[in-house]
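In the two complexes below, subunit A is the common chain; its partner is subunit B in one and subunit C in the other.
What follows is the complex of A and B.
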C-alpha cells in the first residue's frame, strides 16, 4: 500500500467537503454506490460530521494552580489552609469556597482529583501536560492543540485551526505550542496580550481592492505553475495563501468590541476574561482548539493571597464562559478543560507558600462528552498521595480524545513508524464520560 | 595515542541490504554521471516508463545555481546562459559554481541545518572551513564524533556538546545522520521490522556516548562506566559497545573508581570548570573507537550509503532508499546496484562529496523537466521526471532578496568580482529572513504563518518592495513601456522568458492598476515573488 493511501486509510478526519463531494478514500470506497445522502445515514460517518463541530477551550493556569484552593479542598486538615470548602449543586461534592460561581454550575463538569504526573519542574511539566507524553529525543511530537486541529478542523473555515494565548510571564520561548511531525499546517497561531494576531491585518499602504487583485494574480500564476507539477508540497503553497484570505476575512473574530456590553461585562475587564471571550467567538466561528492562559500561579510564598485573587478570577471567567456557551447551545459540543503543569504541595512552607507538586493534583473537564457532576479519583485525607484512581497525562489525554469522539489509539505514521494519539494501551477515564 | 580498534564480527552475517558482488557492478572507472543514467534508465525500461524530456536552459541554470550556490541566478546570469551556444556550457557552469565561494557557504548552510536541526546552536563556522578546504566526509565524521577540544577542529565539538546531556539522542542522531539508520525503535523492544536489530544495537550505540559529559563550557569523557538496560523479558543486561553491523569493539577492562578517586575527580572537574579549561582526555575514548570502527567493514557500507542517499535525496527530492533514516536490511533501495556503485566510488575517492555532487548534477536524470503532462505522475523512485523541491530557508530568503534588487547591480557592466561580492552581501543580509522559514522535511507543507508574513508584515514587505535607486521596484516605475516592466520583473524574479500568454496576462494586470506606476510595480513584483514558482526548485 502506498504511503498516501495508507494515510488515507488511517485518517478518519474526513472533511465535510470530502463527504458531501461523495469522493472518499478507503472505508467508503469499499461500500460502493453511496450517494451523498446515504453517506449521511451511515452512523459512523454521521459521527464524523458531528465530530467536526466539536471544539476545545483550554484554560491554562500557568505556574501551577493549587488543587487545595480549587477542586480538592482539605478543610480542617493541617494542609488545608485558611479557606473553607463549600457544598456544590451536585450532592456530596464540595470545592473550595473561592469558587462560589462554579459551585452552582457543576452539573456540566467532571473533576479528576487523582493526577500523578511525576514531573515537578515548570518546563518539563508544561511540556508533559501539552504533549500528553514525555518528549522523545528523536521525534517532534505534536501537542494537544495540533492533534485536535488535525482531527477536527474544517478546511473551508474562515477561522484559524489552532489559536494559543501565552502569558508574558512564560514568554513566547517557554510557551508550548508545536505541530511536531504533523507539519506547519497545524502549527498554532500564537497570541499574547495583543488582541490581534500578527500579520492578519491588511497592509496600510494598499487598498482592499489592490490587496484582492494582487492575491488573484498570485493565485493565477501559482496555478499555472502547478498545472503539470501536482505534488503535495506545491499544493500546500497555494492553500496557505488561500487560508490567508480566509483568516483576513475573519479578522473581526479577534475584536471583542463587536460584542454587546452585557456580554463583555459578563466576562469582566481582565485580560483572561477578554481572552475567554475571544475564545468563544473563535470556537463559534469554527476554530477547533483555543488555549487561553493566566499567569502566574507559582505561589512559593503567599499562596493564599495569590489564590484568593487568581481563583476568584478563574471562577468568574469560567462561569461566564460556561453560561455564554450554554446560552448559545455550544456547551454540548465544546469541551472546556482547566489544566496546569502541576499542582501545589499540601505542606505549607515557611513563607506561607505551596511548592511544586505533581504527585496528587486535580483537573476539570466540562461540556462535550463529559458526565457532568462526576468526580473521579481521590487523594488521602491530607492530599499527599493519590488514594484511588491514579492517572497520568496520557490517560487524561485519552479521556479528552474519547470525550470528543476521537479514538485515542488512532495512529499517525512518521516514516514507517506508527505513532498513536496516546501511548499504546492507554485507557480513558470512562467514569467521567457521558 | 592511537590504539587500533579490535573489532569482532560476531554471529551476524553482513547485514547490508541489496549487496551485489563487485564484479557485477559497472566498472569503477566509468564516469559517475554515466553510471547514474545507466542504472536509472535500466529501471525505467523495466518499468516501461518513458522519462520526461530534458529541462530547458533557464530551468537548468536556476536548478544548478540553487543546488550549488544556494540562490536563484541573477537575470544577467540566466540571460547569458540561455543565449550561449557553447555545447559544453552546462559542464562549464557546474565547474564555475563549484569553484565559487558560495558553494562552500551553501554546503555549510545545508549541513548545518541537517546536523544541528532544533539544537539552537550552529556548526556553520566549522563546516564552512571544512568545505572550503575540501575535507572528506570521513574526516568531518571523525572530527564531529571525536570532538577534540584542543585540536584545530575544536568547533566541531559543538555537535556532541549540545547533545552531551542526552546520550540517547546522541546515539540516535549519530546513527541517523552518519549511518542512515534510526535505531530508536530498538530502545524499548527489538526492532519490529528488522530481525537483526535488537536492543543490543541501540544500547550498543549508546555505549559509545554514555561516558561523555558536560563540564562547564567543555565536554569530557570518562574512562569507566557502562550502560545497563532492561530487556523486554525484564532481565538486566550490560551493553557492549556495538556498531550497527553487530560488530563489537573489544576494549580494555575498566574498573569503577573508588569513592576516594571519584571525589578527587569531582574536585578536579570543578576546578577546571572554574578555570575554563577542558577536562583531561580519557586514556581510552569510546567515541574515538566509534570514529575508527565506524569506517570499517560493513559499517563503512552503512556510512557511505547514508551520505550518498542523503545527497541524492537533496538533489533529486527522493532518496534511493526511503525513508532516508531507514536504510536497514529490510528496506530495499530502488536502485541497489547504483547505490552500491556510488558508495564504492565515494570510498575510493576519499569520501569527496564534491565529486559525488558534481557527478549527480551532470547526469541526464538530474536534468529532466519537472513538468509531467501525462495522466498520473510516475512513481518518484523511478526518477522519470524532476521533483519539485521546496527551497530551504536560506535558498528562499536569499532568492527573495536577490530578486528584488535592481538588475543593473549585477549586469555585465559591473566587474565579476564586484558582482560576486554584491551577491555575497545579499546572501548575508538574508539570514534573519531565513530564520522565519521552516526547514523542509518529508511531506513538507508551506505554513500559513509564512504566507501571512509575506502578505501582511510591514517590515518584510517594505524591504522587498522598497522604492529606491538600487531596487527592482525603483527600476520598474521609471520604465515607460508596461511590457518592458513586466519582462524586466519576470527575468529578475522568475529568471526566465515569459510565454506570450503570460506576457499578455501580466501586462494587462500592470496596466490595469492605473496610472500610479509605483503601486503597479509593487503589485506586479509581489505577485511574482509570492507565486509558487519562486518557492520551489523545479
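What follows is the complex of A and C.
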C-alpha cells in the first residue's frame, strides 16, 4: 500500500505511522498540536492509542472445519482419519500434515483444543460463536466484530470499522453481522462480492468536480439546517454522509491490483487468498476488525477430500497472511483468529464424512497478545470429549478481549442496565496470553 | 448359470473399520482385505466363524490388495507398496512408491506387473517379482482448474494385458500402452467432477472406477454425476462407457435409483452385463445390459461398497466396504447347490 493511500485513511496523530513519525498535519484540530511523544506521556491516552493500533482478522471457516484435520490430529486412532500428524517448530506440538506451512510458523500461534460449545446446528452454533453468548429475547446483542469495532476504532479514522466478506451463498444467512445495542455506527460493511464492493465507484455520468460541488452544496445546506436545530439526528445524518464518502474514497483499499505480483502470488489465486490480502490492506489502513468467511466446510460426505482442498488452501493463505503482517511489523498488533461454528465428529460415516460436533473442537489465535507456541486444553485419545481445560464461547471471547488489552468485564449500558462484554465471572484463558 | 435376477446375499460379515480393498485367492473364499486401521486381514469369509489374521506393516489406510502368484502386494495412503508371503504372512519387501496417498493397485492378467496410482498424480508400473520400477506415467495435472490439489483415484488393466487406463479427480482419463508406457488415447468424463463456484466454493467427485470390456474394446468409467449439495454424495451414481479407440461414448448410465459413487466396475466375461457397485451413506449394486444400456437389476447393498471381486464364472461377488464383507451369489439356488457338490 502506498504512503499516500495509507495516510488518507489513517487518523492524524494516532496512526501507526503517526506515532512513529510524529504528527501529520491534519484536519482534526484537537490533535493537531500533539506529537507522538506528547501522547505517550499521557498514560490514559497512550493506552487508548496503543489499543487503537490493535486489529483483528477473523478467518471464519463457515460450515465447521474439522479439528482432526487441522489443530488436533489423532493419527493411528480409529477416529483419526488418514492424515498424519507432523511436528511443528514448537517442540512437542503436532498438527495435521495438511498444514505444513503453519507447522513452521507456530511460534506465533496458540492452539485451543478444548472448546465445548454444545450447539451442533449451523445457525445456533454460528450465532453463539459470533456473539460469545446465547441470545437474549429482550436485548439485541452486538457481535464480536461490532464490539471490537467499538473498542478499537478511532472515530477520526476514515477507514471502515468493521468489514466482513461472505461470498459463498451457503450459510450466509447464519453469518451474524449485527451491532445490536451498540447501534448502526458499528454494524459491518457486509460484502458478498469477490473483493471490490459493489456500487462504490462514483457514477461515470458525474465528473469528479461535479461530485465535489454536490457534496459541498449538501454540506452547506446541512450546516444551515443544523444551525437552527440542535438535535442528534442532524449530526447522525451528516455522519452517515461522511462515512459513505469515506467508503467511496476508500475504493482503492479493496483493489489488490495495486499490490506487487510477488505479494499476490504469496496469497495465491483463490478467492480466499485474494480476500485475505484485502483484509491486510484494510487493517493496515486502520480498519480494526475484518472477517473473511471461507465457506463451506460442511463435509458430511468425503470429509478427507474436502479438507485436502480447504485445509491446503487455509494453510497457504494463513501462512501468507502471517508472513505479510510480520514483514510489515503488524503481526504483534494484529490478532488472527480461526474459528467455526463447531468442529466435526470423530466418527467417520459411511460416506467417509464427518458430521457436526460441538463437544470437543479447536480454534487458533495468532499474533497480538498471544503466547505463541502454546497449546491449551486436551481431548481424549479419540477426540470424543474434552479431557482437560474445557471452555466455551464466553471464555474464548474473554481471551480475545484480553489479548487485545480490553477488559472482558467492561460494561456497556443499555438504559440503566449494565451489559459486560462477556458474562460476569467469565475468565480468559491466561495460558495462551503473552 | 450367472444371472443378476438370482442375486442373493449368502454371507454378511461384520468387520470393524472401513474396508477399502480385497484380493480373493482363486477358487477359494479366502480374502485379503485392506482396512482403515492400516492392517490387511486374511480370513476365510465363508467359514462359520471367520478368524481374521492381521498382516501389519502399513501406516495408514490400506487401499490396494492384489495377488500375483503366491505373493500379496498391498498399497496404502502411507505411499508404500508392500509384498507379502501369503502362507507365512511375512513381509517380503517394502517399497516407497509415491509421495502421496496411493489410491489403487491393479495387476496384469499374467501377474507379472503391478500398477499403482497416487495423489502425486503419477502412475507407476512395477515388476511384481522383484519390485523394480518399469514405467512412470505422467498424464494428469497436479491441480484442478480451480487451483486445488487433484487426485488420481483409479486404474485398470485390459484383459489382454496390453492397455492400462487411469482416471482422476476432474474426469480426465488416459489410456496407456502398457508395454511402452506411451499414452495412446484420452477420454473425458467432466460430469463426474462437480465444482461449486457459488454456494460452497469447493469440489467433489472424480473418476473412482475403471474397467475394460473382455475384448478390451470398451472402457467403462465410474463415478458420480453432478451434485447440487456437495456436502453429501447426493448425485446420481454414474457410469459412462466408451469405445475408447474411437473416443465415442456408447452409453451414459445414470438414473435416480441410487445416489453416490460408483466405486467398482466389472464386466461379465461374455459382456452380458456390466456390474457397478458403490454408495453414499448406504450402498448399491446394479447391473446394466450392454446391448440396451439399461439397468437390469438394481439393489441396495448392506454397506457402501469400496471394492469387489467377481468370480471368473461371474456367479459370485465378494465385496468389502464400510464395516462389512458381503458375498452375493448370482446362480440359481439349485445350480449353486449342484456346483457346491
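One rule holds in what follows: the second predicted complex is superposed on the first by the 381 of 434 C-alpha atoms of A that agree within 3 Å, B and C clash if a C-alpha of one lies under 4 Å from a C-alpha of the other, contacts with A are read in each partner's own complex, and residues count from 1 in each chain.
Here is the rule we go by: a residue touches a chain if its C-beta (ideal position, glycine included) is under 8 Å from a C-beta of that chain, and two chains touch if they have at least 3 such contacts.
No experiment lies behind these values; they were computed from the predicted model shown.
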{"item": "First, second, both or neither for A:299, with subunit B first and subunit C second", "value": "second"}
{"item": "Subunit B versus subunit C as contact partner of A:82, first or second or both or neither", "value": "second"}
{"item": "Which superposed partner A:268 touches (first subunit B, second subunit C, both, neither)", "value": "second"}
{"item": "Touching partner for A:358 - first (subunit B), second (subunit C), both, neither", "value": "neither"}
{"item": "Which of subunit B and subunit C A:350 touches, first, second, both or neither", "value": "second"}
{"item": "Which superposed partner A:187 touches (first subunit B, second subunit C, both, neither)", "value": "first"}
{"item": "Partner chain(s) touched by A:159 [first = subunit B, second = subunit C, both, neither]", "value": "neither"}
{"item": "First (subunit B), second (subunit C), both or neither touched by A:313", "value": "second"}
{"item": "Set intersection of subunit A contacts, subunit C complex versus subunit B complex", "value": "none"}
{"item": "Residues on subunit B engaged by subunit A in the complex (per definition of touch)", "value": "118, 166, 168-169, 172-173, 176, 182, 184-185, 193, 323, 325-326, 331, 370-373, 377, 387-390, 438, 440, 442-453, 455-458, 461, 502, 505-506, 509, 512-513, 519, 522-523, 526-528, 530-533, 535-536, 538"}
{"item": "Subunit A to subunit C touching residues, read off their complex", "value": "63, 76, 78, 82, 84, 167-170, 268-271, 294-296, 298-302, 305-306, 308-310, 312-313, 348-353"}
{"item": "Complex contact set, residues of subunit C against subunit A", "value": "16-18, 36-38, 59-61, 77, 101, 146-149, 151, 198-204, 206, 230-234, 260, 279-283, 303-304, 321-323"}
{"item": "Subunit B-touching residues of subunit A, taken from the complex the two chains share", "value": "136-140, 160, 183-185, 187, 189, 198-204, 206, 210, 213-215, 217-218, 220-222, 224-226, 228-234, 236-241, 243-244, 247-248, 415-417"}
